[in-house]
Amino acid sequence: MSNLNEKKFFNCSNYTMGKLTSLLVMLHNEEAGADIENEMKRRGYRYTIGKVGAMDLVKVVTAIETSAKSNKVIDPNSYREVHSLYHAILEAIQGIGRGTVQFGDILRTVGLTFCITRGTVEISGYSEEWLSVCIYGTIGAPKKGFEHDVLGFGYNHI
Amino acid sequence: MSNLNEKKFFNCSNYTMGKLTSLLVMLHNEEAGADIENEMKRRGYRYTIGKVGAMDLVKVVTAIETSAKSNKVIDPNSYREVHSLYHAILEAIQGIGRGTVQFGDILRTVGLTFCITRGTVEISGYSEEWLSVCIYGTIGAPKKGFEHDVLGFGYNHI
Amino acid sequence: MSNLNEKKFFNCSNYTMGKLTSLLVMLHNEEAGADIENEMKRRGYRYTIGKVGAMDLVKVVTAIETSAKSNKVIDPNSYREVHSLYHAILEAIQGIGRGTVQFGDILRTVGLTFCITRGTVEISGYSEEWLSVCIYGTIGAPKKGFEHDVLGFGYNHI
Amino acid sequence: MSNLNEKKFFNCSNYTMGKLTSLLVMLHNEEAGADIENEMKRRGYRYTIGKVGAMDLVKVVTAIETSAKSNKVIDPNSYREVHSLYHAILEAIQGIGRGTVQFGDILRTVGLTFCITRGTVEISGYSEEWLSVCIYGTIGAPKKGFEHDVLGFGYNHI
Amino acid sequence: MSNLNEKKFFNCSNYTMGKLTSLLVMLHNEEAGADIENEMKRRGYRYTIGKVGAMDLVKVVTAIETSAKSNKVIDPNSYREVHSLYHAILEAIQGIGRGTVQFGDILRTVGLTFCITRGTVEISGYSEEWLSVCIYGTIGAPKKGFEHDVLGFGYNHI
Amino acid sequence: MSNLNEKKFFNCSNYTMGKLTSLLVMLHNEEAGADIENEMKRRGYRYTIGKVGAMDLVKVVTAIETSAKSNKVIDPNSYREVHSLYHAILEAIQGIGRGTVQFGDILRTVGLTFCITRGTVEISGYSEEWLSVCIYGTIGAPKKGFEHDVLGFGYNHI
């Protein structure tokens, strides 16, 4: 891992949690991704990155939810936390679907990378926990190459 | 501007147009943003970055459309190009709205930065022009600080 | 106020918070309403009842939000609590709108009573706070009597 | 059944058909439910109460439709009546879904009680038949206890 | 007006009410339109044709509703009939809006011709009255020529 | 085929591409349909007419897409053209669905005829290619006769 003082790709110390999450989902394979992860760790955020490809919408929801639970971003035994995550996922999927929350039912397939982050944010003197979900990938026809980028983002209090 | 061979923050030469657009909207004030812009210029993309803050949805649509026209990303006299941009903007706004395309009508306000990019993409041996719109910023109550990140993305053939 | 042991209209001691909220919005002017309120107080719930009539959607959102803040159901200085309430209100309004979140824009007007309740709920051994919003009233044409009942309900963790 | 003159839980003689329907779906197992049923019978309303639990949306639509037909709330051989009921059901399900008419497709399951009522209503001197559908129950993750209340309501002329 | 036995443009005697309505809205200025109108009159249908141009959605709803009332297609004093028409109009507007029921709010304007028809239809031995609304015209940017065709259709029992 | 100069049902030489497409889908079995087809051929439009009946939404999308590809209305190897067609189909299906893009999931079935047309249109001195999709048919309960007309229309640049 890079030494934060020597080699910074971004000076991301003033980025919001949502911005870090969104950049990480796109840059996690880059050297720059390490800077983002370092910043997230420094702040005590809990986060995970995962992938899912499907025509079946429920598989996408399930994959993101399972990833957050098994990587301890949320407590799977707290309904409150599961509820918060669920709505953040749905919001992000609305950005992916752009108008209708359907994939295979309308003959399109997705290949997605997602990042789920949880952390404490200071707003007006209150320290409160929030959750952000960013999904980046491709959507398209079930034919190789006939697809384009998509990006979705959800945010919720936890 | 940085020398591309000496100091690359990203090796973004294999990024899609959508990924470059989305990263630029978040990083345009960073040194890393120069790498993205250089890559976009190298490929001959036409792009612009702008900002808009409003409770009034139509102001957001108008600001993005006007920016693309006045910065020559699209030809304002071609209905075809205006139509393509319009639908890409609406797609991106659906990611911002997450479920309903309304801002002030449901008591929320937005502060947004957007990037519109147009370029030629090779798919299965065809060279075709596409347009991508990424919007990043905040949405929230009309009270300072009571807002969180949003991200929306639209893509269309042109 | 009725003596809970002597005269119970409902034995509502096993009702969910959502059910109490929904019954109260419809029965708050009845004697039976006192039983519901007593049960809510016994559990330590914070709640309020209000009314709003408008063609203008934003007035409905504002009236419900303001009522919850000024009656201490939520802390107006906590963005987390405001965010939770906001999404619960939008959910309830989707039940009122049934397909589109618009009133005057599509030539309809509403006369609504709402109840917002906040309380601790035990789920799988976890004590967690939730918020429920129920809206009951009429929707219709801007002509006296040309209206029918509507009911909407939203629920969120807080 | 309670004697209406001696023991009234509600004096519901001035309630709308929609309000009676909504209260009955929540109180049909209570003594108070008898008062509501008596009032509905006194007015000559035709109604039925049923239950359905499913992840599959079409099972919910089918269960409600079948219940109304087999309990003679509507005439199953009249397309007009079937059409009226169908749209009232969809409206009620929009209150349940709050933003998207999907259950299992987005990893949620429902356990619902519904009441369908049909009756003549006087408006501005016209006697006209209307139909109301109220659905009350729970929605949640496919895990016991990880669910919360939902309420949906639809209304149509018949 | 053409003699029905001598000169028929269409033999439209077996067309549904919806098909006649949709053809009339597109052909009412043609000679062929007379055949459609004759068939509608022969069947005893009540119908009207009107026009509206606006950026303001509520003006479109109002214009269609007012036209149906003042031309006696529906009885403006019957809430049942007004309710039926209202939902048929909203359905037709959803075809015009394609995804969101908004015009000026998202920077688009419409120029529309509409036809509202009411008639008795035989289905499975039942004679029942239905209403159909067809809207045809243009939608586009607020710039002359930057617009394209739109078509919307709604149908309801009355 | 009819001689255009002798026997014209419509003088459709000034009709838009969208209007021709919509009329053809309704009149293709009539003599008048030949006039429309002649006009479309005269202008060099590429078009096709097909049918599909299903409860399964994806079958409808697939049938329309396949018909356009196999009848050379679009080039199946150009993602740009496939993308344009796909969004025009979705728009038309929104007019069919009127509020929700679902068929069998909400217990309804469709029997549809569709026409897809592609042609060059002159707007403000620019010659540009556009695509229009019109769908006409019936939607209803899975019971013979319990169905009514539907009409949907989509339009896109290609």
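Order of writing sets the chain letters: A, B, C, D, E and F. Residues in each chain are counted from 1.
As a working rule, contacts are C-beta pairs under 8 Å (C-beta built on N, C-alpha and C of every residue); 3 or more make two chains touch, one makes a residue touch a chain.
Only a predicted model underlies this, so the values are computations on that prediction, with no experimental measurement involved.
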*Where are there more C-beta contacts: C-E or B-F?*
B-F
*Name whichever of B-F, B-C or A-F reuses the D-E interface, so over half of the contact pairs are the same residue numbers.*
B-F
_CA centroid of chain D to CA centroid of chain F, Å_ = 39
_Need the CA-centroid distance for the pair chain B / chain D, whole Å please._
46
_Mean-CA-position distance for chain F and chain E (Å)_ = 19
_Where chain B touches two or more other chains, by residue_ = 79, 83, 99-100, 102, 105, 123-124, 130, 145-146, 148
*So in the complex, which bits of chain C are touching chain E?*
99-100, 102, 104-108, 140-141, 143, 145-146, 148
_chain A residues within the chain C interface of the complex_ = 77-80, 83-84, 87, 123-126, 128-130, 156-158
_Applying the document's contact rule, which stretches of chain B touch chain A when the two form their complex?_
9-11, 16-19, 22-23, 26-27, 30, 32, 91, 94-95, 97-99, 123-124, 130, 132, 134, 136, 144-146, 148-155
*chain D - residues contacting chain F, complex*: 57-58, 61-62, 65, 79, 82-83, 86, 90, 93, 101-102, 105
